[in-house]
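Look at the two complexes coming up: chain A is in both, with chain B in one and chain C in the other.
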Partner chain A sequence: MSNPALLSLHQLLKQSFRVVEQNHKVWKSVLLECSPLVSSLGNLGEQLRALKNVQVPQTPLGRFPDLQERLHYKLSIAVDTVMGKLGEKLDAFEAVRDAVSKQVSAAFQFYERNTGTLDIACCVNRSAVTPSLADMLEWLQDTDRYYRLQFLKRKNFLQTLKSDDLTLLETAPKRWESLSSPNAEEGISDMLFQVSFFMDSE
Partner chain B sequence: MDGEMACADLMLRGLPPDRSDCGTQRCRMGPAHMSRRGLNIGSPLLITVQGASCLCTAWPRRDRAEGYLQVDAKCASPDFSTEHASLSSARMKPVHCPKLKCLKVIVLVHSTEYKKHTSKDTVRELVKEMLRGLYVYEKHWVNVGDAGTEVKFIVIENVNSGSNRAGLVTAQTCLEIGTIHTVQQYRGQLQDTGHISLGGMDDIHASLMEIINLPVRYPGSLRKVGVPCPRGVLLIGPPGVGKTTLVRSVVREVGAFLVTVNGPAILGSRPGESEENLRRMFRQAREAAEEGPCVLFIDEIDSLCPRRAGSSSAPENRLVAQLLTLMDGIGSEDCFVIIGATNQPDRLDQALRRPGRFDREVIIGVPTLKQRRSILGSLSEQMPVSSSVDLTALAEVTSGYVAADLSALCREAALQAILHPSQDSVSQVVDQGHFHQALRRVQPSCLRTSLGVTDLRPVSWEQIGGLEDVKLKLKQSIEWPMKFPEAFVRMGLSRPRGVLLYGPPGCAKTTLVKAAATSSRCSFLSVSGADLFSPFVGDSEKALAQLFRQARACSPSILFLDEIDSIVGSRADSRVPHSVQAKVLSVLLNELDGVGLKSVERRGAGQRTCQTDGLPQNPRDTQMEYQEVCNTGVMLVAATNRPDALDSALLRPGRLDQIIDVPPPDTEARLAILQVCTERMALDPDVSLGELAVRTQWFSGADLENLCKEAALLTLHEEGMDAPTVQHKYFMKALQTMKPSLDPQQMEQHHQLFI
Partner chain C sequence: MEGSSSARKGNLTGSARKLSDNAADWHNLTLKWERLNDEGSTVATKIVNLRLAKEPPKESDLMLEDGVSLDSGEKSRDNSSQELEEECYKLQDIVNKMDHIVSKMEKMVSSENGICELETFQYGVKGRPAPLFQTWSTPQFAEVSSKLCDSYKQELALKHTILQELAHTANADLSMVYLSAWLYQPYIDDKGKLLLESLLMETGHRPL
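This part shows the complex of A and B:
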């Protein structure tokens, strides 16, 4: 433990894990906020479909002028509103991703600068409380990749949604659910458990 | 330094990557190995295996085991694989990867629809996001399928405008997107465009090229004329003539995209699944056609589209109906060509064979002599063939061989050359002897299943005593057209259609035919009543017609009907007017001199005149042309001992035009026969064959052979098992007990028949 570079890298890693921990909470809460929005999007899709199928002039409501167009307009506005809200959530996701990414790349850069003093034997050395440097770097990289991939998927999902393609709107909640990868998310929680002793050590 | 030298040839074993490492671009190896090579965690590394390479980052294995290598091929050449490979560590080179300023890529997406509806900016943003933080290498494919978007691969075109080969993509990298393709199309383009050599199909090849090229190259002029371009071609031909290979070669030459439909792949178990699969194939072809010429190839179309009237199964009929509607539904704007191939055109649904669906039908027949020569030429281009091999002679002896048989022949010859290298030649060269050995093993496939194929023991003309004028006549009608086609063409002669040998039993009719078959290089088919007759109505006629069809397919050929009187009979004196014999006779008459052939049986490239067009030609080539003109048909050879029982329609010129009397042997002939029979017997010098010949009036050839056998047996009987020679007295003794089988009265009748 006399290696100063190792000590400062440990400090940096601890900091990174803290950032990951905080951001993971943020991510999960934002994701929770998203699900009602997405399901309302699906609901709106169903309403639009119903509106499309019904022949308003043949119902008792036929006396109201332009009812179909008005309803359609209203629903479209609603879809746009929900999409706008989802867009805001997307910004929150992006913030999480950027924060994690910045921290992880800082840790990697520090490692790369100090490869002279941190040889492989030192990197793979591990103890009961301290996981090896290689493992911790790997976890960080995996976490970074997870957030990036998730953000990419969700952004791509929202981009492909169009208010005129009803099938896409209707199936939105299901597809939104299928975007999350529980395994990788569990991996982050596991990682945080595994480094908890390390983070508590001074 | 010593350590580095030692590890230079260290072998690592390739294993598939862990699931958790998928898509991470990591390459796991033992930590000791990393430190020996001076690698840090995450340093980029180029791994080369059999010409393909992969760029990845070095990471220590979690279990710290040495000697293994697990590579995640996120960024690699398209054909990279480390599984089951052991690679030396010298194949792994650290690469310097600077941060990239600019990057040019090709994007491969899953469907054409996405390509059409998505703007380039969106794609660029997506791709940039995907590539960030990755190490990339020139000409590698980055697999981004795990993101679940429509973009599947990113092909790195160049890095930093070509000044570097590898680098790290960062947020600051400027990304340029070259083109967007679908994965399938790009893979199709990448496949090697090597030419498939095809022999003897030039004209068909050219006409297919024309059909595919027309709508692609000249869409404007076609529109101006106001005709929709032809869309369907049906290839018809017996198995093995190269229908599939022809399509492959044409497609490759035009550079078209090929969508292949296989019957078994289309048929599904659920109701409606087959139709859905078919629709999917057509959709795929339509999408591909938007980007370039496209060919939809349906191989073995008879299995997919059988005659609807004959089959009672509803799913099959639905599939046929679906295919028909799909073929009709191709609008004039989608220009893709449908090519179907079959060897049983009769089993296709009639609705398929009309203009608008399959506009053209191209018949590829069994190759003729010249075509065989050209096929052999193109096959042997790749082989180390010695200069002694005479391909023309080889083409002459391989009558009835289709392209697949010829390629099997060449393969067998090459194998012979490898397995039994001749002593004098050091280098492995395929020579004529190898081809002759291969000929013995490879039989033409059109004769494999056919009835009437006989494995006859070769008989030479010399083994038949006497009958010189009969032999001459047979040679005239069978051997001469093969040997002197030029003279036949000059004299305006054609080969006789049929030869009838008649004569009393036991006078070597069958043996004569055997000798004729041995001496000419024709295919020889022989059939007896047992092969033809069957308890089912109409079966015998069908069998005979099929026999003729096969004989024509491997022409020039000789079809031998022994005891023809029992097979066909006569219409005149038949007590039952509609017997099977009469029906078989009518089939035979039609096959011999009918109106014409079925169009499906067409061979070669139509009729060609054998005039040389001013070019100085090899005399061998000229002869080949004459051969083709002259020897195209089937020759029927029939033998009977009751010519009076034959129908008169059969005996007219044009059917059995040569009627040869095989007379009972006279004294000289008997002497000759006796000489042939006693050739292998140990004769006492006192035996006088001349005297025997005089004493054996009315003996047939078979009787004489029997006499010799009897005499030899008598010798063994009287003198014990170690008798040295056969003496004259035993011949005489045997003669006393034997009666001639011919009878003078019968002979008289025979003679009066045709004189």
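This part shows the complex of A and C:
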């Protein structure tokens, strides 16, 4: 086991898992911060809908000048503010995606450059502490893909939102919820458990 | 801000002192108003929820045959009516406090109009030769105050209407409009905020 390429790759993999571990936490906390924002979008959507449904001049509010327009303006501003905040969260998601992607591709590049010394036997060899190279690389690739896909979905969600499309706003919380894929996310936690001994090993 | 304004206030006398104090009062009163508005919004939401929960025809109650359950149904409805009443009182209380704030605002407007009249008396129609603070002429203070006061007055009238109607509407959409009108305060606009900030800057409460 004194293959220098293997040792270096192990170091790279450890580093990658550490990056994934950190970023996984960041991702989860950002996602948590998003839910009140998305639900307030839904709420604003309902308020805008109600405002549209009500014939204000025929209500006790009718004597107030421009009430409907003014309220509509205020609500639209509120929608824009929330969307702006969500846009900031999207940047945080992007940072996670980039950090993970950078690490994973570094590990893969190193492997591809050293395929000469890392033969099949070496790649599938594993011990109680160290999973096989093949497994670890595959897990990292899955993780990378997960964040890429998730980021795209979230980005697409935000880009299609419009403050004048009430249906989109009203259904925002549900649609946002449906974007997560709990299985894939659990896969990352599982992976981190599986490599925990490996990460602690010298 | 505190230190510099109090140091400045020490030097100010007469009209300048009064205008500067009024500017600080504007700042405090609007903050107080916002707090009351948030409190009121929570109460108003409760009222709407209680009101709408009462509304749908109680089929379950109608279907019940035995008197005991019917009684308990009645009782819970009584409870919710009582709760509704209590919340309405709370909202009434908040609107009363807002009334009080607006009456203070009106007093400030009239005192500033008074200052303008005094200056006209002292210096003639052209007013004082040099501004009291940075650049504003004295009538400008009165103008800003009265604009701010007007928007709060309009908002207060809206609150009164919402208070009167909120517990009496069974229309979910209209209730929602009342709630958003309460929370988002359509008559207190960005222009007002800008005026207030300029007022605070002019009087030195905000650093230039």
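Simple rule for what comes next: the second predicted complex is superposed on the first by the 202 of 202 C-alpha atoms of A that agree within 3 Å, B and C clash if a C-alpha of one lies under 4 Å from a C-alpha of the other, contacts with A are read in each partner's own complex, and residues count from 1 in each chain.
The criterion applied here is as follows: a residue touches a chain if its C-beta (ideal position, glycine included) is under 8 Å from a C-beta of that chain, and two chains touch if they have at least 3 such contacts.
Since this is a predicted model, take the numbers as computed values, not measurements.
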Tell me the contact category for A:Lys153 with respect to chain B and chain C: first, second, both or neither. first
Looking at the overlay, what does A:Lys74 touch: chain B (first), chain C (second), both, or neither? second
Superposition-derived comparison: chain B or chain C, residues of chain A touched: B
Looking at A:Thr115, would you say it contacts chain B, chain C, both, or neither? Reply first, second, both or neither. first
Which partner does A:Asn53 contact after superposing on A: first (chain B), second (chain C), both, neither? second
Per the contact definition in the header, classify A:Arg145: touching chain B only (first), chain C only (second), both, or neither. first
Residues on chain A lying within both footprints (that of chain B and that of chain C): none
Looking at the complex, which residues from chain A come into contact with chain B? 108, 111-112, 115, 119-121, 123-124, 133-135, 137-138, 141-142, 144-145, 148-149, 152-153, 155-156, 159, 179, 187
Which residues of chain A touch chain C once you look at their complex with the stated criterion? 46-47, 49-51, 53-54, 56, 59-61, 63-64, 66-67, 70-71, 73-75, 78
Give every residue of chain C touching chain A within the complex, in rising order. 154, 157-158, 161, 164-165, 171-174, 176-181, 184-187, 189
Contacting residues of chain B [partner chain A, same complex]: 20, 23-24, 31-32, 34-35, 39-42, 59-60, 62, 64, 122, 126, 129-130, 132-133, 146-149
